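In what comes next, chain A is part of two complexes: it sits with chain B in the first one and with chain C in the second one.
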Partner chain A sequence: MAEATVAQEGRRPGALRRLGRSESLTGWSLVGPGALLIGVFGLLPVLMSLKLSFQRSDLLTPDTPWVGTKNYRQLADDPRFADAIQHTIVYTALFVPGTMVVGLLVAAAMNRSVRFISVYRTAAYVTMAVSTISEGIIFLWLTDQDYGLVNAALNKVGISSQPFLSSPSQALYVIVAMTIWGWTGFAVIVYLAALQGVPVELHEAAAIDGASPFTRFRTITLPLLSPASLFLVVWLTINALQLFDEVWLTTKGGPLHATTVIVYYLWDQAFVQFNAGYAAAMAYALFVVIVLVTAVQFRLARKHVHYS
Partner chain B sequence: MKSRPRRWMVALVTVGALALAGCGGGGGGGSAGGKTKIVVWDGYTDAQGKSFTALIDKYNKEHPDVEVTQLVSSSDLVLQKVLTAVRGGTPPDVAYMFGSWAPNIAKIPQVVDMSPYVKQAAWNWDDFYVGERQAATVGDKIVGVPALVDNLAIVYNKKLFAQAGLAPPSPDWTWDDFRAAAKALTDPSKKQYGWLIPADGSEDTVWHYDAMLWEAGGDILSPDNTKAAFDSPAGIEALTMLQQMTVTDHSVYLDTANTNGTKLMNSGKIGMMVTGPWDLGSIPDIDYGVQVMPSFADSDAGHQTISGPDNWVVFDNGSARKQAAVDFVRWLTAPAQVKADSLATGDLPTRTSVGQDAPFVQQLNKNLPGSSTFVANLSNVKKVRPSVSQYPAISEAMGQAIVSVMLGKAQPAAALAQAASATNAALSGN
Partner chain C sequence: MSTAETSAGPGRRLRLPFSPWHLVLVPLTLVLVAPLLWMVLTSLQTAAEANKFPPVLIPHHWRFANYVDAWHTAPFGTFFLNSALVTLVVVVSNLVVCSLAGYAFARVRFLGRKALFLTLMATLMVPFQVTMIPVFLIVKWFGDNVWSYLGINHLGALMLPNLATAFGIFFLRQFFQTVPVELEDAARVDGTSRIGVLFKIVLPLSMPAMSTLAALTILTSWNDFLWPLIVITSQDQMTVPLGLSYFQGAHSTDWPLLMAGNVMSLLPMLLVFVVAQRYFVQSVAGTGLKG
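The block that comes next holds the complex of A and B.
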């Protein structure tokens, strides 16, 4: 629409002034409804929760006294918040590289023309289509201490049954495995698209020069995949820092808080313990961390990402 | 409390979601056209929804000057929705709310204190079971009228008892009998357990323990609600019983995700469950029996149980609507409606006079076998959880103590002492 208008009017000299006005009007009328929705349901709540983070609020009474920076100072000496940070860091450090490595391997295996390749590609992506709720229930039963298929398989090869999600020392790692499974399809799609953009000539030239397939993968493919890798690192890290659904579905932050990550603790404080102001402060602390982590990732990327 | 099977709640917690409480919502009542319109928010679906809708239709027909409409949404989320609506100045006229929220509901200024109304003879307030009345009372306020009641008893698999050569549990059984039965019902080779307990550390774990604590002669808090009392010899005795069964005997399946209970019970893998009448409909494949909770042999507190009554809460939307809402709730909770609704849904009656009506109980038990034991068990509700707004923090501390003992990570006395100090800190406002 807009382009057509611009093209037509642009042909007539003297209409330039009018064009400027009508173009911006058309532009605003197109983005207006979207911008309004984002403003009301995105920006406004963000600002209101900033206000909330400087108040004491139980979400029940209209009385919300200002408490200054008390909520933020309280974060510093809350041992459960410190634990939640630690769990989140461990989770992120395992989940992000794990998903990328598995995704890259699967994508590399599928980057070839064999029969039924589209079936395999669909199969790899299907984990993204499974709802988190189904994923949670499936993994609960798979990893059940007594009735789970995983333990049945372990027993067959002579390993004794593991408690998995029922054990404070194993539960977090089961959630790592479960979410890697859930996100692999996403990484596969991104890597597969990037792999198909790697020029065949480079590989052929290197092969003629005597480079082994592994050397070619390391020195040609990997550097050319770096923009895709950067995207995945940023995207997966943000998602990892906001982990909630899978925890809520499988362990409720337990056993003994072993899987209480930041957003789960935030939810618990806001909607179970009714400390909404404190939870809002936590949300803002997390927001700042995400911004910082992303900024660092982009800065590192300048050195290591090759766009051509 | 959590008296319905939990709905999967899509809880998207973001910075934005927190601010929802600041936005407005829709009430929808009014008094146009000479009729007083009131809105009821409830979470009733299926058989319950059908029965409740029929009751509303009946009321509207009998009262031409009032129009009652309902808005159905999940009871788990109703508190968040009501809070949003209250902030926007458009609360519902009546809402179904969980009893455990009572201390927090009491803080909402628009909630109508029912105490002046229920004193009137027409209400026959004392006809409600004592546990229900206590749970609706916060200080000198009555924040709601009992809407639904339940309690915990033992549901057992008759076939597994027979296979293990055990006699069915008797009404005067003790926790030692219970422990021995659980041990006999456990067979690792068949992956069969004597008992299943929710072990996610939530209030669901805690209220199982509360009933045992009271039976051992203990209390959750001191009488003036200022200090923890569960770290008493009675509290240790109850938790030690759990420790012996889980850690020593391995006769308990720890349901750490709290989602597997009825499915495993229904597949014949579990001998006994402590649960309420709402689960009876979910175990159609087994032949089950129901018995009251065991007692502690060395305690004179006898057989007790715990109840999680939910309430109809009335909100003030101006005097005309307030009066119409109060009148509707009085009618809804009168014996005739309690009886009709109970027979249609299988829910336990909220009034003593209905619970003691023998033909009624017989009919209820015919509809859903085992119901009569749960009705009789309502008389074993002797204590309720404390009505203090710090209760969520207390529940959290107790839940962690119980789970840490059952996982073999802590000793009962030490775990309870730690939970008690967290409780005392919460109660003193630190």
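The block that comes next holds the complex of A and C.
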């Protein structure tokens, strides 16, 4: 790596003369520790993973024979992987807009100066500090089939008790709901910061022209929030595609694999079944998907995001 | 506004002694914190009360002994110490290593600066799942060949891969670039070294950014789950989220006990969050809107 950069810089005429030798020494000794750590634990693993995806490995024995593209071909024919992709897409498609809508509504309600507003805001932010495991345990209890608070509320309005996390057709949606709750604090912080940047004068001018509060929100506030919305779409999608903790805690991918998302399947293959080569191929597939999705989001954003 | 409207009496517009927005904000806030409230209420119930349906909302007699029971049922003290130790090492290391590198990238014109910076930043795009299997192998190698404390099933394995982050370097570099360079030049003319300038002039001016990075690192390190799940199997090496998850697995129907353990596990981070809320808000809002 170092040699490559030297060669590249050297090609520019005068580059070496402009950069004092001592400055280079200082610079490299300052970035050294960070570059070394990120090199060993951030860059090297990317290459090792790629190599591993063409091998068979059980993580324990040093013998890792080459298998060519077998892992990738197996991926294409694995019905459980196809299911995992489908569950991940359904989850992402509900979680991302859900979190943004909840975050925007709460932020809009809290974007005013009334007494105790900082108390309200802290209460909204605080879900950010709750670990995914704590969140999972709380929602296991809330949605318990026999004693859960949610079923008690449903019974009150005449709906019979639901199995929720123990039902193949409901479990994924319960996980959507609990993770939306867990990310609400984050989304509220982003939207509140953006809302505070919307100039009051624009709203006043539009109100004088007779625009209703809803029209003003749609034509003034929403476009001005678009950079914040883009950030949330990208960030929440990246995290949604990597869903794991809540699934591990509440359903272990079940019932009947109904909540087996990509990363859960990947972890299971790598660290339970010890098919590390296959898992590495899966990780690369996920990597490509994340890069593509993010690129598409930024491309779409060009049309719809307005930077004032 | 006419005087008739403000005078008291029936049939007139209702004047609240507070902003009507509280009528929206109070229920909204209650809904948001309801899961946490229900956790606290359950943690004070008796096992018999928790197994009633419809649920008993307010415990008849508050059973604080659930907390004592939870503390004795699982080694929560060990979990807290482990989490605290891992978080402390990771935060201090990140602040030191990332500020050194961030400063070099912001100020020092060294050979290969641009290429190295781009290479390091490229790792920001790589999801953890791509690197976790090799990092497991690398950590195992360190444990077998360098120092067993860094290996699988030791706290060092939780620290080592997280001692520096590309995000931290990027974040501090962005901030250091806003510090007026004239201040540094004056000191350098007086013969102060780069390191001296960084520690005596730049860092004291960068406390908001350092605090923000510290807050974010504390939160991610303390609440991390997947990596500890992969490398730690003995209870005496577990961090809070991992220990709590095993506690849940072992007592999955004893809800008051579980919720007492859950409340205890949450308290340190809630406390940190409320005290340092400003920095958490900055870390999210700042990266979200500028990045």
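Methods note: the second predicted complex is superposed on the first by the 277 of 308 C-alpha atoms of A that agree within 3 Å, B and C clash if a C-alpha of one lies under 4 Å from a C-alpha of the other, contacts with A are read in each partner's own complex, and residues count from 1 in each chain.
The rule we apply is simple: a residue touches a chain if its C-beta (ideal position, glycine included) is under 8 Å from a C-beta of that chain, and two chains touch if they have at least 3 such contacts.
Quantities reported herein were computed from a predicted structural model and do not represent experimental measurements.
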item: Chain C versus chain B on the shared chain A, clash or fit after superposition; value: clash
item: Chain B versus chain C, judged by how many residues of chain A each one touches; value: C
item: Partner chain(s) touched by A:L59 [first = chain B, second = chain C, both, neither]; value: both
item: Touched partner set for A:L266, first chain B, second chain C, both or neither; value: both
item: Contacts of A:I133 with chain B and chain C, given as first, second, both or neither; value: both
item: Which superposed partner A:P255 touches (first chain B, second chain C, both, neither); value: first
item: First, second, both or neither for A:W181, with chain B first and chain C second; value: second
item: Chain B versus chain C as contact partner of A:S166, first or second or both or neither; value: first
item: First (chain B), second (chain C), both or neither touched by A:F244; value: both
item: Which superposed partner A:A124 touches (first chain B, second chain C, both, neither); value: second
item: First (chain B), second (chain C), both or neither touched by A:Q74; value: neither
item: Segment of chain C that clashes with chain B, given the candidates 116-124, 242-250, 260-268 or 278-286; value: 242-250
item: Those residues of chain A which chain B touches in one complex and chain C touches in the other; value: 41-42, 44-46, 48-49, 52, 59, 133, 137, 140, 144, 146-147, 242, 244-245, 248-249, 263, 266-267, 270-271, 276, 279-280, 283-284, 287
item: Residue ranges of chain C in contact with chain A within the complex; value: 18-19, 21-22, 24-25, 28-29, 32-33, 35-36, 38-39, 42, 50-55, 97-98, 100-101, 103-105, 108-113, 115-116, 119-120, 123, 125-138, 160-166, 169, 194-195, 219, 222-223, 225-226, 229-230, 240-242, 244-245, 248, 252, 255, 258-259, 262, 265-266, 269-270, 272-274, 277, 280-281, 284-285, 288-289, 291
item: Interface residues, chain A side, partner chain B - complex; value: 41-42, 44-46, 48-49, 52, 57-62, 133, 137, 140, 144, 146-147, 165-168, 242, 244-245, 248-252, 254-257, 263, 266-267, 270-274, 276, 279-280, 283-284, 287
item: Complex contact set, residues of chain B against chain A; value: 8, 11-23, 80, 83, 86-87, 104-105, 107-109, 191, 193, 199-202, 253-254, 256-260, 264, 269, 389, 392-393, 396, 400, 403-404, 407, 409
item: Parts of chain A lying in touch with chain C, wherever the complex brings them together; value: 1-2, 4-6, 8-9, 15-16, 18-19, 23-28, 30-31, 33-35, 37-38, 40-46, 48-49, 52, 59, 106, 109-110, 112, 114-117, 120, 122-135, 137-142, 144, 146-149, 151-152, 155-156, 181, 184, 186, 189-190, 192-194, 197, 227-228, 231-232, 235, 238, 241-242, 244-245, 248-249, 263, 266-267, 270-271, 276, 279-280, 283-284, 286-287, 290-291, 294
